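After this come two complexes, each holding chain A, first together with chain B and then together with chain C.
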Partner chain A sequence: MSQTQSPSLGNLLRRPETGSFLGLVAVFVFFTIFGGGNFASPTGAASWLNVAASLGIVAIPIGLLMIAGELDISIGSMIPAGSVTVAIISGHFHAPILVGIGVALALGALVGFINGILVIRTAVPSFIVTLGTLFAVAGLTLGLCVILTGTTSVAIKAPPEAKFLLGQFIGGAFQVTIFWWIVAVAFWGFVLHYSPYGNWILAMGGDKVSARNAGIPTERMTVLLFMCSGMSAAFVGISQAILYNSAQVSAGQSYIFNAIISVVVGGVLLTGGYGSIFGIVLGTLTFAIVNQGIYYTGFDANWASLIIGILLLLAVLMNNTFRKLALSYSPAKGKASK
Partner chain B sequence: MTAPLLKLTNVNKSFGPVDVLHDISLQVNAGEVLCLLGDNGAGKSTLIKILSGVHKVTSGAVEMNGAPVLFGSPRDASDAGIATVHQFGGTFPLMSIGRSFFVGEEPTKGWGPFKRFDSQRANEVAVKAVRDLGITRIDDGDRLVGGLSGGERQALAIARAVHFGASVLILDEPTAALGVKEAAHVLRIVLQARQKGIAVIFITHNVIHALTVGDHFAVLIKGAKAADFRKGEKSREEITDLMAGGEHMAELEAEIASYMATHEGHPPAITG
Partner chain C sequence: MKNVMKIMLTAALLASTATVAIADGARIAVIGGKSDDAFFAKIKKGIDDGALVAKAHGSSVSYLQLQTYDNIGGDAANLIRTAISQHASIIAAPDWVGDSEDEAYKAATAAGIPVLLYNAGGGDKAKELGAINYVGNEEYPAGLAGGAYFATHGSKNVICVNTVPGAGNLEARCKGVADGISKEGGKSTQLPLPASSFGNPTAVAEAIKATLLKDPKIDGVVTISAGDADSAANGIQQAGATAKVKLGTFDMNETNLDRIKDGTQLFAIDQQPWLQGFLAVTLSDGFVNYGLKTATPVILTGPGIVDSSNIDATLAGAKAGYR
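Here is the complex of A and B:
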């Protein structure tokens, strides 16, 4: 009986995050050397942790969808839609903040529901479906915002409790979203790695037909995952509106690719069936460090995208190598697990 | 044991105007291997899909233990004890052995919302089930399924079906992608399953494999049952002829012979 799992080479190789951990260490060391003392100082850390937190909250459900074999890019307009919704309802019309938050989250769930239903009913690839809803939601947000408020930027003054929970800077630098990110990581980590549903998600991405034949309600799971990603995007939008006291109709497109980069750098297989929450967290941190760390170095910040691009390619190559090693690795004869 | 475990009576299936299966009647008893032979397009896969609950019959009856059954979904069929294993094992290459073994039937520990997947038990059960089928090279349930050989994957899938109490095991070309040694191993596992009293429906192109394990044979040609016989009633050559459509083969042979007779012994050149 293998009561205690010793950390063998095989177990290490089989973890989807091994490659991204090495990547994160490399990037961190690089910017600590070239960024000087400021990069690793508390304010420096806050600058990339803040970016990582709001990105990480949407990257995890995107990663889960990718593990399940789907993709959701509609988050790019769901984030501003969430911001604008809460700002219009609670800022422009002065309704209680809870109503604004509730409606914004419900909108995220609704968009996710529509995405999910369209994907399972039409069998159109989810990239195309969510590309459609990306534009549809962006148009709807802009149109309704201008009709209702006459402007594309809505101010919102959140009450102190909402500000405390969603929009404060702890110690003057760390956004409170960092804690929400930790909550999200704990929740989704439990779902993917410890609950039976995690097994379903992995199986769906591995082979959808076999998963369905094994009795997994694949369609319900798909819709549910899209709803979670829509709600997570709306949540990030809400917290940003409350943090910055205003909502812009177009302030989320960069999240689409940043989230996908974080997820892929984190070791999730683009075609599904393989990945981990911890890996996505590492990928998000890596992305945020490169994105913000460049400002602490003497280099021109314009080079950041170049580094991210190269990093993405390197990460994918490294993850492929680790995945191959994991597949071919088997314990040596005689080392039975008895 | 009066009623056969699984019985099909005059089953017809058509997709719109296209008739795929005509009047198929088959039966298989517990502890028996039924070999389903036939060329590509003969209707074998449609028949499997009917038995595994993917398609519904257009007319005709399916009975299990004498009682008529109607499968609305693959889940209904597996609840009734019919397990289907596809050519590549129908498993998930990047999942661990323990996890893929229990997909859809995960063992849990803990309570309420904190029910956790019990990966240790899953690994132990999965490894033991596969080892019971004679695959002793597998001893680590954390290994990824994609790292196993084709035969080991088949064994894993069959072990899974046996573990979850399948009474009918449908094997769709399990040996088609395997080497000689691996195929022999899978055939041995088929016999083990038979010994456990499972009714096995073994779909194959390979007449030698069929003859090795089969008790009962049915040949499908263009959606109709062309022959139905028991072990020892027909020779290998007869079966091969039947599968290829009999007279077609004979015609082709005659054609080549006459060509060679008129062309100084040269076989016909391939043109086109």
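Here is the complex of A and C:
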């Protein structure tokens, strides 16, 4: 990734993100044609940006784990655990919001730490480990929530500063979460593409044994990545509780599939070792546009799932075509572009 | 490892002695929804409170709950059969999907186990199956009441946001709203959302916003659950339509009630879930132990409309987890 490439059309087409980008352009054009003026207006853009932002914040660490050859589905219960934790501590018991946010994030880190340790110590596939913690965290959230508050839906009134940072709508339409997503993209983009950790992560997904033999601290990296995905999920949960003034025990399972879809549409290989942050961002945007664009069209909403399915398949197929181009390319002898 | 085995054995032993100890009294089997479902949690609270009465009479209550709602009819039928094989003295259960569950109810009756329906099924179904009572709401009349309330409060073009399209009781709610409002000269259409949006408040809010922007004639939104109402309130606000578009919902939570109090939500259609759980258990207990039976077999716990006129009493109940 770090080697410089001359900006020829051929090289551009062989970048891992090209397929995802063309997929995004295709769905955008599709909904601009069928969705009319409202879809392309700023409030229309807010529709899919808001959905993309909260999904994107969890999709990036999930994508990194997938690039490193792991998977974390416990986010499905970590998101509600995050929102319920902050709602119980700061909403029900009226503790300062910072305490609630801090404990929720710490809980995310702890669950991630447990996931990571179990994965590296037991060698059980991370899908199974996190499936276990998915249920365990859901059960713990429900049990504690009912014991502490007597209900499964906890109200929270965040103070103005917290509303400003995590729960405001800029211009009445754009969730402040979008800016947190941009921060996350910048941070992870730096980690994956400009810091040594990036190549380590890619190497781990390519071949873990060789990566370890080459001196990469694969175990520490695995635990760290799981902790980051747990904290990101908790963060999304916190911001949703503050945005919508309430937290439900069971809200978040759809994030598991939606995050994986976004990552795969973004060009990350399910088998690991290949992918980019920019691609994941494009995949998340594509998914959000397809999921929300339908409401701007005149189509009967009963067909929404069908259209989502077909458009996503097309996006992935386009991706595969371009990935083949990228991976099978070898410069002709003597004419290698350096 | 040895210690773990020891603990497990002790636990198993304790559990088996516990069942022996309570084998004398009536064994009330209650089948119900997931307890992380905010609505069913209130039913569960009623069941737990009812169990205190049952316990004082020497009865025991076992709660068999669904793990998911993906195959609700078949799973509920299996739980009814589980209760039959446990030789329950009476089975109280919702009849969510009659086609799947009725056979299991008939098997219970054939095995000499009386049946009580609560939460879903309705009075006609209870009569057909020979159940001693139906305790609960009837979805269609609840929808009718909501539709009529909208119409008399100035909303004539209402969307019914359905986050689980295809579920019989939710379709009945939306159909009720449509019929209730059309009697007063208005109309209501359904907005079905795909499964990829379920449980994602932002996706639900944005879908509602988009629909409102697309059709500026809409002046009312009704949601099928309390959590969806929180998303809808946000979608309406983002569409800049707070003044024009009124919000109503089936069921309710504390945040909904706070909105009704400060005037940004019109109403909630309540079916008093706590009463459903409490009555299901206490009526079962009375019937099995003492042959007690109500003269009217259908006990309707709803629909009741919660609006600005009765919000304070409701809020007090909600704070304690009863509403």
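Operating definition for what follows: the second predicted complex is superposed on the first by the 321 of 338 C-alpha atoms of A that agree within 3 Å, B and C clash if a C-alpha of one lies under 4 Å from a C-alpha of the other, contacts with A are read in each partner's own complex, and residues count from 1 in each chain.
Going forward, a residue touches a chain if its C-beta (ideal position, glycine included) is under 8 Å from a C-beta of that chain, and two chains touch if they have at least 3 such contacts.
Every value quoted in this text rests on a predicted model; they were computed, and no experiment measured them.
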Partners on chain A (chain B, chain C) - clash or fit: fit
Partner chain in contact with A:R15 - chain B first, chain C second, else both or neither: neither
Inter-chain angle, chain B to chain C through the CA centre of chain A, in degrees rounded to a multiple of 10: 130
Winner by number of chain A residues touched, once chain B and chain C are compared: C
Partner chain in contact with A:Q175 - chain B first, chain C second, else both or neither: second
Which of chain B and chain C A:I308 touches, first, second, both or neither: second
First (chain B), second (chain C), both or neither touched by A:L269: first
Touched partner set for A:Y244, first chain B, second chain C, both or neither: second
First, second, both or neither for A:K163, with chain B first and chain C second: neither
Minimal inter-chain CA distance - chain C and chain B, angstrom: 23
Of all residues in chain A, those that touch chain B in their complex: 1-2, 10-11, 14, 194-196, 198-200, 202-203, 206-207, 210-216, 269, 273-274, 323, 326-331, 336-338
Residues of chain B touching chain A in the complex: 52, 74-75, 78, 84, 86, 90-96, 99-100, 102-106, 108, 115-117, 120, 123-124, 127, 139-140, 142-144, 146-147
Contact set on chain A toward chain C in their complex: 36, 38, 43-44, 46-48, 50-51, 54, 138, 141-142, 146, 149-155, 169, 172-173, 175, 240, 243-246, 248-255, 257-258, 291-292, 295-296, 301-302, 304-305, 308
Residues of chain C touching chain A in the complex: 34-38, 41-42, 45, 165, 191-203, 205-207, 209-211, 213-214, 226-227, 230-231, 234, 237-240, 253-255, 258, 320-321
